[in-house]
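In the two assemblies presented below, chain A is common to both, partnered first by chain B and then by chain C.
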Partner chain A sequence: MNTATGSGYLESLLREQPALPASPLAWLNRLRANAVERVGALTVPSARDEDWRFTDISPLTKMPFQPVTRAAKLEAAAIERFTLPEAGARLAFVDGVFAPELSYNRTAVTVANLATGAGRHAALLEPHLGRHAGFADNVFAALNTAFLHDGALIVVPRDVAVAGPLHLLFIATQPEAASYPRCLVAAQAGSAVTVIEDFVALQEAAYFTNAVSEIVLSDNASVSHVRVQRDSGAAFHIANCAVSLAHASRYRSVSVALGGRISRYNLNVLQAAEGAQCAIDGLALITGRQLADSHTCIDHAWPNGVSRQLHKCIVDGSAHAVFNGKILVRPGAQRTDSSQSSRNLLLTGKARVDTKPQLEIFADDVKCAHGATVGQLDAEEVFYLRSRGLSDAAARNLLTYAFGAEIIDRIPVASLKQRLESIVLAQTNH
Partner chain B sequence: MIYQDSTTVLEVRGLRASVNGIEILKGIDLTVRTGEVHAIMGPNGSGKSTFAKVLAGHPAYAVTAGTVSLEGRNLLELAPEARARAGVFLGFQYPIEIPGVANSQFLRLAYNTVQAQRGSDELDPLEFDDFVREKMKLLEMNPDFLDRSVNEGFSGGEKKRNEILQMALLEPRLGILDETDSGLDIDALRVVAGGVNQLAGKDNATVLVTHYQRLLNYIVPDYVHVMDGGRIIKTGGSELALELESRGYDWVSAEYKNAARATA
Partner chain C sequence: MSTVLQNLVNQPYQHGFVTDIESDVAPKGLGEDTIRLISAKKKEPGWLLEFRLKAFRQWLTMQEPAWPNVHYPKIDFQAISYYSAPRAKKKLASIDEVDPELLRTFEKLGVPMNERASLAGVAVDVIFDSVSVATTYKAKLAEVGIIFCSISEAVHEHPELVRRYLGTVVPAGDNYYAALNSAVFTDGSFCFIPKGVKCPMDLSTYFRINTQESGQFERTLIVAEQGASVSYLEGCTAPKFDTNQLHAAVVELVALDNADIKYSTVQNWYAGDENGVGGIYNFVTKRGLCKGVNSRISWTQVETGSAITWKYPSCILRGENSVGEFYSVALTNHHQQADTGTKMVHIGRNTRSTIVSKGISAGQSSNSYRGLVRIAPTAAGARNYSKCDSMLIGERCSANTFPYIQVGNQSAQVEHEASTSKIGEDQLFYFAQRGIGAEEAVSMIINGFCKDVFQQLPMEFAVEATKLLGLKLEGSVG
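Let's turn to the complex of A and B:
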């Protein structure tokens, strides 16, 4: 049997699904049941699917990942190095299971576990949960939705600006564990919040993280979304994030992918009303035999939308980075102003990048700029630094670091920025 | 300034260099002694920047003949960073922008690298901050430039001030300034020239590369060399610069060709 496309593998992933406790919300149970049904109808994508052309996930299908039955109890000290002093709240999930003893909320807004918080916010949740990150033809989103239970629920009421960032910490501890992180952020009209999704590992194990996030911005809301994927180098990480922008709302995101043997991030931003703005930046810093794939889509569906995107990859060893950046400007989305840049640094002859800007423009009064570069370090820049006394290696390290730091710099949380800068510094030090 | 008890800083003999197999420098001789300021002038494309970059060790240029020594040391066998540590400084015609690296970080790294080589103390970020701010006053530079990325978004004049700031920090034996005057308005030119004059001393030497006479109103050279076709075809005192300003370069080339024909 061909496990890469056969249904046997997906069935095996669903084995523990019936054991999930039923939700008191009937619609939520129906949502899960629909998702189970979709998993049954779909197959694991292969290289024959255009969207997965460069990303061979067959190694994933060779492992019998299952959700953990008993979550590990972690001491606070075990996650000390991941704490962010600025955070107004933290929700911690250990192998996908909510860990209240590692979580806190000092803010006045809802930052709660989905499984328990859903009831209180049911009216608000129902129109959003599972509605933005569609799973009809996305088997990983369907799997996640089938397992929808613990997760992060953030509701920021009208005109409230949350002071500190909200830290969602997903901690992997067990080999062969499958976890299905889920996140819903509802930023109501005029509100402002910074949300950090942080995927970390306590050991170098092979596990499977399959995450889905939905972020909904009402009129004039502003959300800053930081995503750090620092999984174990043996892990599989697949994530889908759907963002919906209402009138004049502003979404900024910085995604950093450092870990994972194979990682894939799909980010879909829909400008669902006039005058929405988004800036989505990304950095993949990978080495060895890692593969990091980022597929983004910015859907300009209404007039006067603005989008900015800078995606960078630093590829060392025989690693492989993939970027597919789609910009869709629908008919009528006049005066769209969009720019996209993909910049890639290959540090070895064996490193590889496949980058594809994909512009689909159906309106005529638009400004769309895009560009992609793939290359080695600039020889003139290296010489400039050497002429100031830096060794060839020091000059190269500094320039590589700087290439990545340009993205890290855009993270609006000082402690996280510093921590990532030292990771990038260490990883670019040859 | 020409001093009696000066010593030789730079000695270039019969230097030939090529890039991508094309010979650009076709036999250059030049001696620079402590305390001296030399100007190398010449039309665009005559090889001035190539000469400057070859002295600094740019790897794109292959030296095919000749010798270069710095205070008696064979410079050609040294990597660019070793030349910098030995006291060669090149102020770039087009300073490189490095987004993502704070100027203060870059300046301190360069300073400490060279200090360590000279057996002097390195400075921590706080100490360095005080030190560099003093040097910036000399160039009337806004301290905000410390927090910005190296040269990124700097105007032409700001980049050139940043080059001179680096020279002030590194205190080279030999400062080679490539077209430091280009892109400067008159006020910036005065400030930059003032900085160079202040740094020029009895124990170091300066080579100014320029194709305008303008800079030489502010920094008076002891020698003026005319470069053309990869050779130094005439050498004179500061008055030669004024003559070049009024008469152009053609007459020097003609004179050189006639002399060459006469000896042939």
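Let's turn to the complex of A and C:
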């Protein structure tokens, strides 16, 4: 794609931006203005950019997307199948617009939309909102920031452990809608919380979701982050998530990508102090002509950090999975202990995988290992199951399911786990 | 880190002498005139001049690659002399006629070019700056039909062979440095193993850059016909200069049905001093084409020199059941930068490849493994196994791994693993306890670390490589 059409497209995406109401927070208005300026300076990435080499997003630029100003009124019944009984709170956004009638909060902590919660937490917002998910060279994060006026805000005070998971539900209802979901999670010292980001669709429409999340953990905090992307098969989903870990904090995440025609998830975890730990797992289960791209970066900037990563892709039809996992160990980050594994299963002759586990190490006293495998089901495993009386198809389905279930099993929310397991089971049933 | 380790890395470069030989140097600068001059000096046929000019025109439209993980000031391609030959007084008939000064140089380097060569059983083609000086054992090889000579000689004596294969594996416009090489290459080795012949001895080329501000652009072409096999060794050194010299070589290997080519390199170009001043920029394109069924190409490299190494010996596995192998040890010290690895492109069915890469970084150096394993949709049953290990010595160096794995066939099996380790105090303590000093301990640990690769080297080279690593790391532990 040439630059001219690229920037023209970005301009068209920004058309409604000036109509956004000004925020009472002066710094937020400045942040938005900066983001608009960056969008102007950047172009839509193409295969020439190393970060987008395998993901051709030009189909996105062939469609006009505009943000929805007024949300459709949804009945509670419409989202019944997405509700989670254990959730202590839910924030629902319909096509990117906050829907208070579908939201509740039974916990004692702040789970609110940004516009409501901003007043109470103004002092906390300024140092964090838009500070972790940099947009200087990321056009999609810049676009999201340009449209930043509402979103989800979760603040867990010091030493509080939230009992139920907090459910952030993003519902897409309309074709050609652009939504810019935004989340800020601040887990203060010693707190613990489980946050679920759940992207769902009510119909098979082509829409564009461009999400940015920032998750900040203070000393000794613990956050479990579940991300489920089950967008429509025609949708475009691009998301950036930045996580910052303070001293001895623990971050675990499980992200599952099932939907989207083209989906891209960038997860950047910064270990910003000593002794931080993170475990990030991912599963992409795609078919047809879907493309699922996951780029992760774990930045070990301080000593004694630990990271674990397992990313799996199950690729059916003529789908295409992309994984790029970078582990960065900065100078001085001694005694870092990191391991990463990328495992990929190709189910058809037309499926394709591009994987790149990547190590950049600038310290000598570290333990870093990574591995990657690509292949089909193990013939001996299939044979074993057949010797136990399973048909060839049943044996293959069971093994494929088990391959994906390893990741789903790590989701700490029983009802969601169950639902995803049945989705995986249905999708791996040929 | 202990001081023994620190000191072990700081061994002076031993091949850093300049030989005072009159040489015939072309004026600096690059243009079509320069290329015509090179071509004229070498009395080349028209098609080769055309090949060069076409490559040059393509080069003009290309951009210097910016993706490698190496940093250096922009190269002024006009400040390089593209032709430098030891001034030949007459055409040399035998090795005894070679300038004695030159022979002494090779003696210092330990190149077995005279009778010792027969004991060693190695046929050597020596490239001094850009021109091939002598080829030993030519007659003996000719008996079995093997052609082993400099490429300029081959252009005159076997033009049809050179023309048939030159540029078929690395096309003129393949990349920036390959295009430059195609335009200005001055000499190199040519080796042709006819059908069914197993080469009776290891073939060897020795490269040396002698002139300051000259670039060396050699071109190697090895063709193994059906059922032929050859083991080829390459060694390199250069004198110390405080300016950087450019080395942009191209190596092409072609293996037809059931042929087997083994290519081993011990690269010890001058790496610059401990402050990173001077040294060779080694920007090399090496690629082998497994064209026939059951063919096999194996690359083994020990990279210890050069200020910057940018090199990815690759295999295009086109023939069914063909095999590609890459075994590498890359050692960087002081301010050296290496971005090296391999590409295995699986096209044919049941093709197999193995990658074993060992990176050792010390001092303030940067060592990157960059590899590509691509399984084309046609490569049913393809298999790849990659293993990349890094060892860091000291806390100011870096080790990076960039493995690209692209799989487009379901029946392929691809495995990649990488690890990073260091020489721990506890390991050194264990050795000390057994009465083994730190230096020796480090050398033993490094040798153990690199064993998988050294085992692939021909014996003489394995000994040399082991010694070389020991020398390079001397004084870096303690």
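We adopt the following convention: the second predicted complex is superposed on the first by the 425 of 430 C-alpha atoms of A that agree within 3 Å, B and C clash if a C-alpha of one lies under 4 Å from a C-alpha of the other, contacts with A are read in each partner's own complex, and residues count from 1 in each chain.
Following the convention adopted for this analysis, contacts are C-beta pairs under 8 Å (C-beta built on N, C-alpha and C of every residue); 3 or more make two chains touch, one makes a residue touch a chain.
Given the structure is predicted, the values throughout are model-derived calculations rather than measurements.
K.L.:
Clash or fit: chain B and chain C on chain A?
P.N.:
fit
K.L.:
In the superposed arrangement, does A:Gly404 touch chain B (first), chain C (second), both or neither?
P.N.:
first
K.L.:
So in the superposed three-chain picture, is A:Leu202 touching just chain B, just chain C, both, or none of them (first/second/both/neither)?
P.N.:
In the superposition, A:Leu202 touches no partner, neither chain B nor chain C.
K.L.:
Considering only touches as defined above, state whether A:Met63 meets chain B (first), chain C (second), both or neither.
P.N.:
neither
K.L.:
At the CA centre of chain A, how far apart in angle are the CA centres of chain B and chain C, to the nearest 10 degrees?
P.N.:
70
K.L.:
With the two complexes superposed on chain A, say which partner A:Tyr384 touches: chain B (first), chain C (second), both, or neither.
P.N.:
First partner only.
K.L.:
Examine A:His370 and indicate which partner it touches, taking first as chain B and second as chain C; both and neither are also allowed.
P.N.:
Touch status of A:His370: second partner only.
K.L.:
Under the stated touch criterion, which partner chain does A:Leu124 make contact with: chain B (first), chain C (second), both, or neither?
P.N.:
It touches nothing on chain B or chain C.
K.L.:
Would you give the minimum C-alpha distance from chain B to chain C, in Å, for the three-chain superposition?
P.N.:
Value for chain B versus chain C, nearest C-alpha atoms: 14 Å.
K.L.:
Mind sorting out which residues of chain A both chain B and chain C touch, each in its own complex?
P.N.:
Of chain A, no residue contacts chain B in one complex and chain C in the other.
K.L.:
Show which residues of chain C lie in contact with chain A when the two form their complex.
P.N.:
1, 67, 375, 377, 390, 392-422
K.L.:
Of all residues in chain A, which touch chain C in the complex?
P.N.:
My answer: residues 50, 54, 331-332, 334, 344, 346-376.
K.L.:
In their shared complex, at which residues does chain B touch chain A?
P.N.:
Touch list, chain B to chain A: 56-60, 79-81, 83-85, 89-90, 92, 95-96, 98-101, 106, 109-110, 113-114, 117, 149, 166, 170.
K.L.:
Note which residues of chain A are touching chain B in the complex, please.
P.N.:
Interface residues on chain A, with respect to chain B: 378-381, 383-392, 394-395, 398-399, 401-406, 409.
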